Amino acid sequence: MKISTDIGVWIGALSALGIYSVLIKDNPFYTMVEHIFVGASAGIAVVVGINTFLNSAWSPMIEGKYLLIIPILLGILLYSRYFEDIAWLNRIPLSFLMGTGAGVAMRGAVESQIVGQISATMVKLTTFDSWIIFLGTIFSLSYFFLTFQRGKVTGVTSQLGRHFMMAAFGAAFGNTVMGRISAAIGRFQFIFLKWLGLG
Amino acid sequence: MFVDGRIFDFWTLIFMTGLMMIFMYLARKGMKVTIRPIPGFDAIEEAVGRAAEMGKPVHFTPGFGGLVAATFAGLEVLRHVTKLAAQYDVRLIVTVSQPETYAVTEQVMRQSYLEAGKPEAFRVEDCRFISSDQWAYASGVIGVLLREQVASNIMIGQFAAESLILAEAGNTVGAIQIAGTTNAYQIPFFVVACDYVILGEEMFAASAHFAQDELHLGSLRAEDIIKGVSIGLMIVGALLFTFGNEGLVNIMIK
Amino acid sequence: MFLKKTLPTIIAFVCGVTVIIAYFFNIPFFQTTAQEILKWQSVIAIFALGLGAINIIRVHSTNIRRAKGKNAYSIALLITFIVTIVVGVFLGQESEAYKFIFDYINVPTGSAIFSLLAFYIGTAAYRSFRAKNIEATILLITGCLVMLGRVPLGAKILPFSVPATDWIMSVLNVGGQRGLMIAGAIGFIAVSLRIVIGLERTAYGGD
Amino acid sequence: MDIFDKLQNLDKRVFYLLMALAIAIPTIHPIGLPVEITESVREVYEFVESLPEGSIVVIGFDYEPGDEIDLNPIAQAIFHQLASKHIRIVTIASFPAGPTFADECLEILEEYGYEYGVDYVNLGYYAGGEPTLAAFAQNPATVFPKDWHGNSISTLPLMQEVKSMKDFSMAMTLNDGPTGGTGTHEWVRQAVMAYGTPLIMGVTGVLAASNEPYVQSGQCKGILAGLRAAAEYEKLTGKIGTGTVGMDAQSIAHLLIVGFVLLGNIAMLVSKIKEPKDRSGHAGGEPR
């Protein structure tokens, strides 16, 4: 056993222990690690934000892309919410963010999630497997009829649809376990091998 | 003029949005549309009521997403949760991960308290920006759930791998938990760890459910018709393909 | 009136429609404009980070004030927050001090939080994989089969689990996921449409 | 509350403790649970065995942090085999974190007396995905005038022998999916279809099925999927490493979860069977 003398390893190991301590119960050790971590990571986000701003907005603007002054001004308008008289001004940048976000969401959804998935369901219905995929899709989609009263047929299909979804959820759950355990193996190797020098 | 491979997608979008607008118009003109019960939404009122009885706060988070569709749905639910909280005099704590989502969330909360007639109930420190880092956000939310001893935990929006961390922490304090997301890889974790799960598209029906908003009900009716058309297309396309005609599939990938 | 209500609606509409047109059509004007809009959006979003930073400072300074300066946690959070910013901005992202914070605080603590899932995933399964009704039973069966089929020891105990896992993942799993995905996307479009045509106004300040 | 009720509602911390042990013990002390070698892994092994001694291979580190637990062990297992045949290695990466992973894995070559620049080179990160990979395949020097450590590649003896993708006896991508970096599909196009260089893949567990068609069509010589394939490979090369350790812990942890689920269900079932009997006793009303 050879305990590490690297300060970085010590900090990493202690913070991992602090995080794991929450499994026992909420305690001051966890709370402290959490606050330091949140502070550092939010600080990093701000640093990255400032640098991105300087590189992708400020410098290009100074070098001649004067139009970039508009988003900069719009960004500043976000802060109008702190001043009651002009608080409404922050609707302008927000509407820009929301409108653009909505447009991007719409255009992407059609291709990959609707048309792509519908055409992928048009399979040759010659094997058992293809029937399962085909019926599973139709049944689970029929579960989402929200404004039509369920009749005899749709009542059954939507119930079956829920069963198909549950099967998918179970599968996704079981399939994810490995990745999660891998993450813990990584941390345990750090604690036992790198920090404590066991093994 | 069209970008390759997007012709059919474009007309699909036009068809869908057109149908939604027509039905919104019809609904405003008086067409009756009713919505089937969504247990997760019914449970929200119960959850807020429970918090009021216990004298403990409600926690809500619109998730880890930026301004994407699932986040918008979460914020729509938040509107109603805020009004319920105002009505029951319950403290509502909201945690947010992405800065642009925070900018909108704070606004939604403030506005909803105003609409509920209690603008003074809004407290800045109850709408918390945690961190845009996924794990820092998760650790911060664990902290809020455990230390504020919330009675109810509502999570609706876009979630990634942190979903189960939040849900298990909520379970630890015995909170009643209601969750919803469209991400098929995260729903399983909500299904196993929460009391009520709002599955996929159901979460977009919040205003129709809570406020019986007629425009919203109209658009839901249009969505149902689109689902019916999709099912019809799949059946026709698969049958044609089975019997050797690839025409429909080829049109769709244009 | 125009400025407070109509202008935001017009802005949302123009931005939304432009990025949609640029996606479907090869029209140079729209494509360059859409690129510009997306770039502007990212610039505005950076400013939102400042709102977040102000919120952090307000929340935690309130905590400290309420506890009469005795809230060590909030003090620690504010110190690390400010030190990180000062180091990152003045010494730069390449500096040793910044790398120290990143490599020794941010990365390992983040991985530790992520790895909590290894523990949580087990208790969640234990609690709810119970054969109480048909749905829970389906969840239980597919979940456990896939778990066994993924590891050598599981495959040894129940050899059937390996082909079963392959079939579940590539056939059974597909239908349920796909229905959910299509319906979700239709909902996406409806909510986005309401924002673009200005029916969803609470988000930027209501009527 | 009888024992079966208790078994249905065990304190979570009991499970946490057992889970910690299930991961900790194999980490400190590898058990080496039996690993059966699957056909697909053996195919890859035999293909690599068939490469000419002393030839050069290119390996793409196309994955992000989080997936190194699965893919680093695969890379290391392959490196052991390559080094035993003195095959020389060039690494490239389509994610910014890739070169760091490559360096971590290349470390093991030291025990074989490999010399940097002569026997192996880490060229570093390239942006732009497929088009950049295509440019690299045409002429590596245009994409990487310098290597990851800042050496001009004209000073590296190994790179003098590589003028295009054709000069590699094998290409390999360690891949975690098509988003962000260079996907497996792009490798098939740029290495196999454009230059006829044989390709093998190391992928995360979930991607195994979707890449299987490439093996069927012969465009890919074999796939190593996830930690499990790494453990099997380690058994073939005889070099026990992180794959085996990981697989021990994975096996035990998975069984622990399934065991707990079964325990909960059995306890529930038993109480259900017992309960109606108790009730019927009460329903009888009259105490005997």
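Residue numbering begins at 1 within each chain, and the chains themselves are lettered A, B, C and D in the order written.
To be clear about the criterion, a residue touches a chain if its C-beta (ideal position, glycine included) is under 8 Å from a C-beta of that chain, and two chains touch if they have at least 3 such contacts.
A quick note: this is a predicted structure, and the numbers were derived from the prediction, not measured.
> Busiest chain-chain interface by contact pairs, anyone?
Chain pair with the maximum contact count: A-C.
> Let me spell it out: compute each chain's centre from its C-alpha atoms, then which one is farthest from subunit C's centre?
The most distant chain relative to subunit C turns out to be D.
> Centre to centre, by mean C-alpha position, how many angstrom separate subunit B and subunit C?
Averaging C-alpha atoms per chain gives centres 13 Å apart.
> Could you work out how far the Cα centre of subunit A sits from that of subunit C, in whole Å?
2
> From the C-alpha centre of subunit A to that of subunit D, how far is it in Å?
23
> Just curious, how far off is subunit B from subunit A if you go by their C-alpha centres, in Å?
14
> Could you check subunit C for residues that touch two or more other chains and list them?
Expected reply: 20, 23-24, 44-45, 48-49, 51-53, 56, 106, 109-111, 113-114, 116-119, 121, 123, 125, 127, 129, 139-140, 143-144, 147, 150-151, 169, 177, 180-184, 186, 188-189, 191-193, 195, 200, 203-205.
> Among all residues of subunit D, which ones touch two or more of the remaining chains?
12, 16, 19-20, 23, 66, 205, 250, 253-254, 257
> If a residue has to touch 2 or more other chains to count, which residues of subunit A qualify?
In subunit A, residues 19-20, 22-23, 31, 33-35, 37-38, 40-42, 44-45, 49, 78, 81, 90, 94, 97-98, 101-102, 104-107, 109-110, 114, 118, 121, 134, 137-138, 141-144, 165-166, 168-170, 172-173, 175-178, 181, 183-184, 186 touch at least two other chains, as defined above.
> If you connect every pair of chains that touch, what shape comes out? Choose line, ring, star, complete or other.
Shape = other; not a path, cycle, star or full graph.
> With touch defined as at the start, can you tell me which subunit A residues reach subunit D in the complex?
Touching subunit D: residues 20, 23-24, 175, 177-179, 181-186, 188-189, 192-193, 198-199 of subunit A.
> Using the touch definition up top, name the residues of subunit D that touch subunit C in the complex.
Within the complex, subunit D contacts subunit C at residues 10, 12, 15-16, 19-20, 23, 33-36, 66, 205, 209, 228, 231, 247, 250-258, 260-265, 268-269.
> Help me check something: in the complex, which residues belonging to subunit B touch subunit C?
1-3, 6, 9-10, 13, 16-17, 20-21, 24, 66, 69-70, 72-73, 75-76, 79, 96, 99-100, 102-104, 106-108, 111-112, 114-115, 124-125, 127-129, 132-136, 138-139, 161, 164-165, 167-168, 171, 182, 184, 187-189, 191-193, 199-201, 203-205, 215-216, 219-220, 222-223, 226-227, 230
> Of all residues in subunit C, which touch subunit A in the complex?
Going through subunit C, the ones touching subunit A are 3-4, 7-9, 11-20, 23-24, 36-53, 56, 72-74, 76-85, 88-89, 93, 98, 100-119, 121, 125, 134-136, 138-147, 150-151, 165, 167-169, 171-186, 188-189, 191-193, 195-196, 200, 203-205.
> Name, in rising order, each residue of subunit B that touches subunit A in their complex.
6, 8-10, 12-13, 16, 33-36, 38, 66-69, 72, 99-100, 103-104, 106-107, 129-133, 135-136, 139-140, 142-143, 146-147, 184-185, 187-189, 191-192, 199-202, 205, 208, 217, 220-221, 223-224, 227-228, 230-231, 233-235, 237-242, 248-249, 252-253
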